[in-house]
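One structure, pasted below without further comment.
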Amino acid sequence: MLEQQLVNGVVLGATYALFAIGFTLMFGVMGVINLTYGVYFALGAFAALWSTQGLGLPIWAALPVGALVAGLIAVVLDTLLLTRLRKAKAPELASLMVTLGATLFLYAGMAASLGTEIRRFPAEVFSGGAYSLGDVRVGTTQILILGAAIVLMLALLALVRGSRIGLAIRAVAENPDAASLMGINGALMLRVVSFLSGAIGGAAGVLVGLNFNAIQPFMGEHMMLRGFAVIIVGGLGDLRGALLAGLLLGLAEVLTAAYLSSTLKDMIAFALLVATLWFRPLGLFGRAAAKRA
Amino acid sequence: MTQHDRALLTVAGLTRRFQGLVAVDSVDFTVTPGTVHGLIGPNGAGKTTLFNLVSGVLAPSAGSVRLGDQPLDGLAPYRRTALGLARTFQNIRIFSEMTVLENVMTGMHTRLSSTWGILLRGPAFRAEEREAKAKARDLLAFVGLLDAADTRAGDLPYGDQRRLEIARALACEPRLVLLDEPAAGMNPAETHALLGLLRRLRDERGLTLLLVEHDMPLVMSLCDRLTVLNFGRRIADGTPAEVRAHPAVIEAYLGTGSHDVSVSRGAVS
Amino acid sequence: MWEALDDFYWTYQSLIHGIGVNGILALSVYVVLAVGQLSLGQAAFMGVGAYTGALLSVKFGTPFAVSMLASALVPALLALVVGGPTLRLTGVYLAIATIGLGEITRIVFLNWDYAGGALGLSNIPERGGVPAIYGTLAVLLVGLTLVARSRVGRAMEAMREDEAAAGVMGVNLPRYRLVALVVSSAMAGVAGCLSAHVSSFIGPNEYGFEAAVTILSYALLGGIGSPLAPVLGSTILTLLPEVLRPLADFRLMVNGLIIVLAVLFMPRGILPWRIARTG
């Protein structure tokens, strides 16, 4: 049934878009593909899991906890890994490699300490029931996921495009040296961006964990392929592009799984990525500059 | 039109826009073979943009560039090198991990042709490598760096790095060398030595040079001809004496608040 | 005496194979790093080579030489499709596309019933062995050393140091990047084929993200001043878990940490000696 698939696709797409928008923000401002982003995603989900299980928090309260934890960890990791390279104005691939090594370290560490079995949220998290609209069933969880993803994305867009902090962030993205001459605290802005994108990644982890009700350390690793596809299709550093491309990918995956095959579903992201590189390397909107946050 | 026909470099109607700003605005000029041609103007006049358009680092919005009879439009930088265009950079860009000699030999890239010989090491390959090495040593001797041939290039003092960059550009066997502020960051003694070197390039090697430079005494005593830019437009063209007396040039350097002291002093004295 | 040597070989057989195969993989990632690019697809290329070679040997009984050749060609073709469009863009695009490639090859192997699906391929005939592995490694070491000491080696190092300046020297950047990527994927494919034919079994999960990052860590630990350096790096990292048994459980964490420390504090690796670039 097409309507039901469309609803599921939009919900899935919204989580992809949320995941990718934080990822692409980080690239747009810092000029670095930070692979530890997948770790924030998993850690956000785990933090929310603990707060529902251990503290008995409701899911709407666990979501900000997950985001906060992931955001703080993002700030710490960014400072540890990238400050030195930023000072030395090292090439972008050096930064990418550092985050790559850190990612392997963190995943292996998480697998060793948290175990690799799939964990699930407590049953009461899903006790909200579902609404029916004709033949289409929409779960309360789905509404929560969609609503939270939309609110977070709009808030981020509003912050980056419409506030003083956003202006400072964009100035740092454009030209860090000139921004510091204008009295903008560049180091602080980078921390703010690290926190924001880490928190967005963590929130996406909570929502995706909720959507599939499956949480484990490597969930971020598998999500990264989708993240890459979305930020390339949307155009590196392009927030609105990521939003649109995320929705597109979610819909495409759900429809493929429903009407073609579920194996093929997992290949859509990669096919879109390669097709974009061949035919539209600068992404959907094709804007030339890499830094457009 | 005779001068036009003999021109080594012909720039016609060259324009480059950046999001509404016109950095270079339909500029025309020609460079005559065997001369040193200077490109001057206040900061932000579009000199570096023009350089990047000629060397192919940037694509023009309109206009054309010709080297001799060969149109360069749309060619990648590496193709222009093969056709005889070489350049140096404003902020020195030598390969600092390589030795001085290897830097110069890298400049010969388009003039060497070995392929399978690299793996087979036949006599042809060895002869080519030997010749390249000898040529590179000649060039180093010419710029006065032969003693440093096996030094790591990054360990050279600043002035020597400039000279290495010039030797590396010469290794491309160019017809035209673009020099982007060769005297930038040099002390008076180093600038003086550079002046001598650039003159010898023209007089002993018959090379044609196009340079952007802020050091007016150097420009005035070295260049055969000058093109002056301001706000992306050509405002004057001629010998140093003509340009110095040109009212638009005096206006440009003194009138609208250029803060480049050395430039204004050089232009009016 | 011979008996003792024989015993030694049988005890450490898989380690001896591993050192040689990982040496080839280290050289394959070196070729890409040497032109200033980053490929995280080496494990995927290895996997494609391994499956290509093993499928040919198991299902069609082709001679080993044919399996080897095919295991070089198929990954090279894949490199063209995936890496080709990124060569005019910045290095970030190649890195991203090749990480994606790693994930997708795992999914394909996992779901490809003809190739055994999740169970992988077993009963791969034993071919090649030590002579083929170390012969290939030696040929590649010599070949890459000769290339380094030529105009091509100079152009490659120039690209790695300053791409724009190398372009102005007349180096055809897209072509050098493409050739480096294709050659390196073929090398990784051959390593996969050699390894498959000494281990009798291959599975879909052996060529994922961890393997790709581990291969990168070989070259980052050793350095890329000469072709010897990455092979030294791979040898150390292959021996390390054997020598320090307690480390074996934390092998991945160690590899990750080595990458971080190498990039931050030891950008030239443990063998910083650089080979002369003149012939």
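In this document, chain identifiers A, B and C correspond to the written order of the chains, with residue numbering beginning at 1 in each.
Note that a contact is a pair of C-beta atoms (placed from the backbone, for glycine too) under 8 Å apart; a residue touches a chain by one contact, two chains touch by 3 or more.
Just so it is clear, the structure is predicted and the values come from calculations on it, not from any experiment.
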Chain contact graph, described as a line, ring, star, complete graph or other shape: line
Pair of chains joined by the greatest number of C-beta pairs in contact: A-C
Central chain of the complex, centres being mean CA coordinates: C
Interchain centroid distance [CA atoms averaged], chain B/chain C, Å: 42
Centroid spacing, where centroids are CA-atom means, of chain A and chain B in whole angstrom: 47
Centre distance in Å when chain A and chain C are each reduced to the mean of their C-alpha atoms: 31
Residues of chain C whose C-beta touches two or more other chains: none
Interface residues, chain A side, partner chain C - complex: 33, 35, 81, 84-85, 91-94, 96-98, 100-109, 112, 221-222, 224-225, 228-229, 232, 236, 263, 266-267, 269-270, 273-274, 277-278, 281, 290
Of chain C, residues touching chain A in the complex: 36-38, 40, 81-82, 84-86, 88-93, 95-97, 99-101, 103-104, 107-108, 111, 209-210, 213-214, 216-217, 220, 249-250, 252-253, 255-260, 262-264, 267
Complex contacts: residues of chain B adjacent to chain C: 55, 57, 76-78, 81-82, 86-87, 89, 93-99, 101-102, 105-110, 112, 114, 118-119, 121, 125-126, 129, 132-133, 168, 172
Touching residues on chain C, where the partner in the complex is chain B: 143, 146-147, 150-152, 154-155, 157-158, 161-162, 164-173, 274, 276-279
